[in-house]
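Notes follow once the structure below has been shown.
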């Protein structure tokens, strides 16, 4: 697949992703935040496709946008209280938080500035056609143990979520 | 049966038969006991109907009628009692749960209060309605004009 | 136009990360805090995938593990949230400051 | 929950906090009066925990026309057509009950031929009523096809009614003292033709539903009511029989010509929606049997008893009831000797059966409310009168 | 220009794979158009077929045999007042139908109507289809929430729970089909939609018949799950008319409502085409093994034209059955014109050049149409499941069955 108009799509998708991220943290209504987050997630999936990682993009769409976000929306509907719409949306110590985040951002910027040339454009010739097969081989080869641990983690999470959310088991 | 009742309660209880249908006329005070006895002692386990009639000329204006049926004996009996305007009458909901809505309907239509009913309010007519339409002094074209105007926004429901 | 390099992706990821941190630190609504955490995880994932273009597929595999972790975290987090909401009728972080109920 | 409807919820305690999955999720839902599954203008207020029903309250009276008041201002003859408007899908049964009640009050009896005609038409009407019930009940549960099958076959019954008395639904078929109309030419033939036509059709309905897995799952164990509760709540008709009580007024206190015929009273065992369905299906077949016997044995003779031109029953009071398709339909008439009833009370089966709704749906799911309303076979015209 | 088109017709790549933007847009436009026509036709067919199952005629008034009924309906929906509840969340209420439609339509970018007739051939095609079609549930949840009313909210909760649970069983069935693709000559499997069909071609067997009855069972699981996934009878609880009036779209009207309608039908077509691609050999013609050889190839390539001719003949037959009354003159002429149109399409499809190109698309659409008919048939036959029963079927029947089929497929695949 020849990438089409790559810079254009990159800027489009990253603008959408960042705008979505901003909306997530500024919207008062949690449902609006969730929708903004969905926009971000889908844009990031698009970025993955541009990075020749179609399998991760697919997983992102299925698991994140289709699964986790539905869970979020579900919970927002269950605990939807009108009260929270009228209250303060932010903490009292928000200015400390902003300061810390700005400091963190400054750190990132300085790293990027300092490290110019640290990330050479190697552009490995990754075969996009066999991407899925390769990931599968890694998952069931090198990372077999991690894979099993991850599945155990999911099992524990399922049980934990059920125990937490259900009053009478 | 009637003889037994009479022995037990003496006056205040009369039994009649008209066209092969039996009914008891019972004093208001005896009502809960008689109904209980009819259900438990005489197997009248099915309360077919509960209604009332209005006789404005009588001293005790209202007649309340229970129609009972016994599956065991395949027999019907009616129990009647008279009460005056404003009097209440003990509820039969504890004896036959059927009486719940039926008593509400009697209240709705005649304004007879049933003491001890769990939910004494109008059933067929709207909650705010004034008047009890099955009384004889309630004309057939009469209606609660005020309610109609407020709730339906029209001059008359006719 | 400037060709898109790995650094471009890293900048986007860093922006998302900072946004997520701001969300976690400032918002009172637990649901939005959890969503901000998802933002942070996504930023990390974007980094991983961007680097995997240079150093092989390991980054993508790791990104998948991160997605698994995000799913587990969301499920448990929301479960705790529901349990808490049932008892306290609130979903604000600064009211969930006691260690028992 | 600051809902305008909550103020009328008195016996549903809104402040209960226990026994729920998530307190914020306790919904109060207003079902009706305009709702596709409430068969008219029934309004049910449901208190829900997610999908589970915690309690219900019926609000009725939207179709109240004051039939009992009207009766006090009409002569006995003039009131006859009004009773058709109560249970409008079983108008013939209503008319039969009323005519027989007035006849009992006057102490006259209809001639045998009239009685046979009455039986034939009433049973046809029972069949039509059950067919309509089946169609709408299946539609509520989500099977849309039976509705069209039953309506197609009900049409044939309505055609017979139309030919007999000129009306399809509100028939006013009978008069006090007998029947006004003699049967038309070919009446017997057409009824027999209808019997052979409809018997396989009933099998067809059963084929669609009886062994349909989803149908059985949706109805079995749903809306259970025990025989004791039925009797205590005064529930009659197929609902009572499905709970295992073999009681049918046609057998218990035979009226019209029912004592001449040989038929069974189908009963159920479990008292659930599925059994009520089976009982009604069996009742349709029994109705066919009765009609067959009645058509075969219809006697010749007059169709009207000797009654005065102006009907003036003697002073007295009477209760007479018949087995309508929905249950015991009774008329309590008080006469003061004039041409108008002093007090006329209708004992409506739908009204009293509807009272059982709350008990039948408690602890079940929303979808079951719809199924139970359907299985109770209520007609709002009769509930509200 | 003509040369350009001609050169493309000879290509054996999809426009997306070839990187040809112009042709990709042409394909997108064609698919959009075809899908809209299919939804409209499906509307008419559903009403007609359901009506005939239920001993009635269905639409008969607008146009001959109600042929123009869908057009009239569409016009009515467009002209209807677009009501937005006062208490609704405006933005979300506005966005929800768009998301649903977008999710339903985006799926078609990877549906292979033929070896080259797809917008693009992604190597994660099936994953993409499942993922994007699962985005529709977001729109439904948003619609239910934004309406700010109880019935839509319950409908939305039901719908999301239902779709999320059935996705699991659906995914398992899909994985077992994907496993079957790896048993070809090269020994590598594929997730690409075109690749899956080509694997069936190479192995000489449709996956429904492979490892009988495993393939068949997997397809059965998928076929049940896909009905639940599209909220159709007997799993139409989210819009159970007799319980929730109309479920999540109770508060929608006019154009927005028609978007939901459009999305529902295109989602049906989308999942049917997944089933066709995975198990029924996609665009491949039936009986390639039994009735092989160039003669049979020729016979089967005549099928599209002949079936259109048969439809035309049916219309012509009905033209003669129309009542001979001046009142029906317009209708009769209309039906005759329709017959002529069908016959002309049929003749065109018999032409040698067109024949070969069209037959792939024809067989694909034919197989999808079989599934569509099944949808209508279910609706005419089954009552509706209750919510707990629905969940039980999903989690306790389909999920274990799907897992079992998957494991057995893997074992058999290793052993064979």
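Letters A, B, C, D and E mark the chains as written, and numbering starts fresh at 1 in each.
By definition in this document, a contact is a pair of C-beta atoms (placed from the backbone, for glycine too) under 8 Å apart; a residue touches a chain by one contact, two chains touch by 3 or more.
Since the model is a prediction, treat every value here as computed from it, not as a measurement.
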item	value
Pair sharing more residue contacts (C-beta pairs) when A-C is set against B-D	A-C
Chain nearest the overall C-alpha centroid of the shown protein atoms	E
Averaged-CA centre spacing for the pair chain E and chain B, given as whole angstrom	63
Between chain D and chain A, distance of the C-alpha-averaged centres to the nearest whole Å	61
Distance from chain B to chain A - Cα centre to Cα centre, in angstrom	70
Centroid spacing, where centroids are CA-atom means, of chain A and chain E in whole angstrom	32
Sequence positions of chain E contacting 2 or more other chains	none
Chain D residues counted as touching two or more neighbouring chains	22, 24
Interface hub residues of chain C, defined as touching at least two other chains	82, 85-86, 89
Of all residues in chain A, those that touch chain C in their complex	6-8, 10, 14, 17-18, 21-22, 24-25, 30, 33-34, 37, 40-41, 44, 47-48, 50-53, 55-56, 59-60, 63-64, 67-68, 71-72, 75-76, 78-79, 81, 84, 87-92, 94, 96-98, 100-101, 104-105, 108-109, 112, 116, 119-124, 126, 131, 134-135, 138-139, 142-143, 146, 150, 153-154, 156-158, 160-165, 167
Chain E-facing residues of chain A, complex	1-2, 4, 29, 31-32, 35, 38, 54-55, 57-59, 61-62, 65-67, 69-70, 73-74, 76-77, 80, 128-133
Of chain E, residues touching chain D in the complex	50, 53-56, 150-151, 154, 158, 233-234, 236-237, 240-245, 379-389
Residues of chain C defined as touching chain A within the complex	1-12, 14-23, 25-29, 31-32, 34-36, 38-39, 42, 45-46, 49-50, 52-58, 60-61, 63-65, 67-76, 78-83, 85-86, 89, 91-94
Touching residues (chain side chain D, partner chain E) in the complex	27-30, 35-37, 51, 138-145, 147-149, 152, 208-209, 212, 214-215, 217-218, 365-370
